[in-house]
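Note that the chains take the letters A, B, C and D in the order they are written out, and that residue 1 is the start of every chain.
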């Protein structure tokens, strides 16, 4: 145990940078980074216990620090690690471009283990110990909200790259809160507008029983009302349930045109898979508000055959969107031909927006940068975007994809782009509805 | 709300039984180990998970689901025996807490091991071609594979029952689960028996992993929720009672299935409520021996 | 080691609360960052509360997350919804978890051994779902946000919880009081009774002690202390995550106790410190932290069943009273 | 047939009856362990329950000590019905027992074992006063240890004591409550001849101040020291009376033929 007793050291900054080098996995240099990790391991344990970790006077030209809490371990680790790759890419780009008057950017990645408590502690660490200038990251409604609760109190900018409706609402929102990702209302609405006219109006929802799931349903029903869709049932299943068979006979009996799977990640994989086994697809079209690239890869072609869903980004859109092509190529170059996933792309955009705002504001001061972000109009990877004034929600296009089961070119060729809904404020909930004045 | 036709209830029942089948298998393994070794195996869910991964691995390797059904339990069982020999054995006679907590630590290691070997996203798993699709039971369509699942479980339980009733090893187990002292008196090499029992228990966990794989997402964390559920089953049935494990497995499956139909949100809660009620009325579980672990 | 250790440990043992406080005063400067130090304070207290039941009375509960969580939520809700003063909010949190403890305990103490563990687990999960479903008040899966204590004047000082050091020392105050209380209880006749119950229930009853009533009392005490830990955590994180009610959180208490040494006064605290520090360091070093934590855990069970502090005590006893260890 | 005898016996000693069993019966499932046993025990009296293995001695002992409840019948202590009370309530009324299987707080020191037992009389639910400062408790405990000859071993964990010493420790704990009735289930079981004599002397000595009821299957051992013997056989009261009566009793002779 003795090695665990922290020994004093004059330079606490070190330990983190070691850690970060590791925490940003570089697909193309795995072997070396592993070795580096081992050294870091030795160093880190000794250094991590630095006394007087706080109140370090930071010299001019010190690096701009961006804290990046994300669930490197746990159910969404695949997505999270793709987020990190893409974020690293944005940082590298910026630094290669000379940084911000000589100041380079440093990305401090922390594992929030998909646990809101851990996320809050890690955010406190990033702010209090590492003195980060900004926070970007998170990959779940709960963790992003707890990160936001911490940053809001301390007036630190947080650009969330994970979905949630709550974070837009005045109750949680702060002038330092930005939301790069889509929110359930936008995604669900877009998918509804695409699917209801096409596949029918009798709808059953199989919903993960938590805010995110409920928000999805709300989004669908709103859009559905306009289109004359009727809800046969909204069946709520426990979050993270492994088996959905018990919910399926009832759905079978209801004979809906559309079954909307208002759940995420592994819940989606499981429910889609089991619905397929029950032969539901013979009479019903399966629809998912958020169809993740990674879920589809993990779930396999059969389970997702013919499933239609929404996403913030699919690499395949590069055929029609030049920005996407450019982004994919950068990513492929950096990571040995790999393509960015939807959430990965958000990691890139989230960091890049903040850095652009720093340049525009000519400062790293929270208020100045927040102001600059508010004015920002950008096209990083998927077409034009901007943050709505009242709630800092990024107004952006939404991609509707359909899962392929045959004729795939390679393992990444999993979707066909069915349609792209252009960015429009009218698809967001109104500012007044969210409790914002103006 | 759809009206509750006999067909729907019937189908819901079958679904519950199919669910219960997996619970029962897991609980049988847990109960076997507990009954003999009074070890509460917190790594059981992990062994289940390992079974699912290896099942797919051997299936792709040999190209045959049937083969992996045979190989995987053997491999998982051997891992189990290694664990018993080198990790659990030193803890016998140190009370119930220590083995329990050790296996908890072991489960962490196994989960991480699978992450390293097969990646964090998990593996895509699909039903073997010949068992795909759904059949019309007359009360509605039901996945063929889940029927097979029920059959397979029945077969395993039957086989186990025969072994316990008809073989000498079974005799020792029966005696042992009543009173471990007896086994020693019978002049049996207890250490060897316990090793085999632990192996058998974990092998069954592995087998249920292979069987469950086609019905759900296979990922390193898949064992965690399953563990809690199979504990509920084991405790409801009565720790150490194989009969109890099977009955409670089906009971829990059906209760879960029925609440899913009538009050979906409370499906998961329902099984914990069931456990609380059973234990408060019958502290030793449905088939458990009173005073055990008292 | 022993000769050097003996006088130190004797001193510590004599003034155990005082010495732990002295240590905790400098503690934040030994940690990589204050938030971690605060977490250790909170979980140390949580583990101490749990140890009262597990280590001293021999009852292994898998439902203690319920008390941490209820403490957190009730304190949080009193601040967020009722806008009560934070001190009152903490009192409410502690009271509520004590109450829940009384209810759970009343049902659970009818069972023994592994069944006790499982009943507490089940009841704990029921509490979990209760709060999960009460989304309007608890925020459900999103957790309860906005548990903020505005800066206030105290004895001419401005106390601002966004200053980590201030927050640490305020929390330390509460933990100190709780530790003093626990230490006092353990030294009391009642402390002797619960240890007797752990050793031999039948005999304790034959001595004339009301075993059931004593068990219930410890259960409630333990719950209230874990509740205080929860209350502090709500203020520390300014959010209450639903996970704080999950049974995995209960498991953490067990791990911390074992790591540090169950049935010893400092053990759980040491356990919590090492556990959290380890996790913190390991997670920043490798994504495979689960393997590392799991292994260390197994090593302890196998080779240091007494835990870190427990093993030190044992060495000390062997050094001072040889007969006791034969 | 000997019921009237008991009744008559009861008449003249009604005055100083300490504990009384009335028509005690007990089944375990189908097995009838005890059938309609009525016995009275006088105060400050050394008495032994004897009988061959399986006669129902331990069952009867457990019913008298409140460990198990009778299926029918009742137990009176000082004229009060105490049937079915909690074990700790028996203890608080002044009924102490030492178990057949040694039963101490193994990890606690011998002294702490007795101290806890003594403490019972002073403080039950006291959370605050430091236990060490509890008036006289420690001294009383030490005195009791001396009385059973363990004075020097006070600091040793009870689990580490020799078997005989653990039995003695149990007696000390039983005495701690200064009971009026001391029930002892085979106090000399597994003891060496030397230890046995020491224990028997101690018991005789104790019986001077209180009622002591022994369960013993070694007849020889108790014949010498007991005032009254109660003989059980197949769960029934076979005979009771002075050692002389018992020796003379043909029934008993038949049962114990070749034994004792």
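We take it that a contact is a pair of C-beta atoms (placed from the backbone, for glycine too) under 8 Å apart; a residue touches a chain by one contact, two chains touch by 3 or more.
In this text the structure is predicted, and so the values were computed from the model without any measurement.
Counting only chains that touch, the fewest steps needed to get from chain A to chain C is 1. The most distant chain from chain B, with centres taken as the mean of CA atoms, is D. The geometric centre of chain C is 43 Å away from that of chain D, both derived from CA atoms.
One inter-chain figure worth recording: chain B and chain D are separated by 49 Å, centre to centre, where each centre is the mean of the chain's CA atoms.
We define each chain's centre as the mean of its Cα atoms; on that basis chain A and chain D are separated by 74 Å.
Chain C has its Cα centroid 33 Å from the Cα centroid of chain B.
Along chain B, residues 265, 268 each make contact with two or more other chains. Residue positions of chain A touching 2 or more other chains, listed in rising order: 73, 77.
Interchain contacts (touch definition given at top) occur between A-B, A-C, B-C, C-D.
Interface of chain C with chain D (complex): residues 184-185, 187-193, 195-196, 199-200, 202-211, 213-214, 217, 321, 323-324, 326.
Residue ranges of chain C in contact with chain A, taken from their complex: 29-36, 39, 135, 139-143, 145-148, 162, 164-165, 233, 237-239, 241-244, 274, 277-278, 280-281, 283-287, 289-290, 308.
Chain B meets chain C in the complex at residues 34, 40, 87, 90-91, 94, 96-98, 101-102, 104-109, 111-113, 115-116, 228, 231-232, 235, 239, 265-266, 268-269, 272-273, 275-276, 279-280, 283-285, 292-294. Listing the residues of chain A that touch chain B in their complex gives 73-75, 77-78, 81, 209, 232-233, 235-238, 240-243, 245-250, 252-254, 266, 269-270, 273-274, 277-279, 294, 297-300, 302-303.
The residues of chain A lying in touch with chain C in their complex are 1, 4, 6, 12, 15-16, 19, 22-23, 25, 37, 40-41, 44-45, 48-54, 72-73, 77, 110-111, 113, 115-117, 120-121, 124-125, 128-129, 141-142, 145-146, 148-150, 153-154, 164, 166, 171-172, 210-212, 239.
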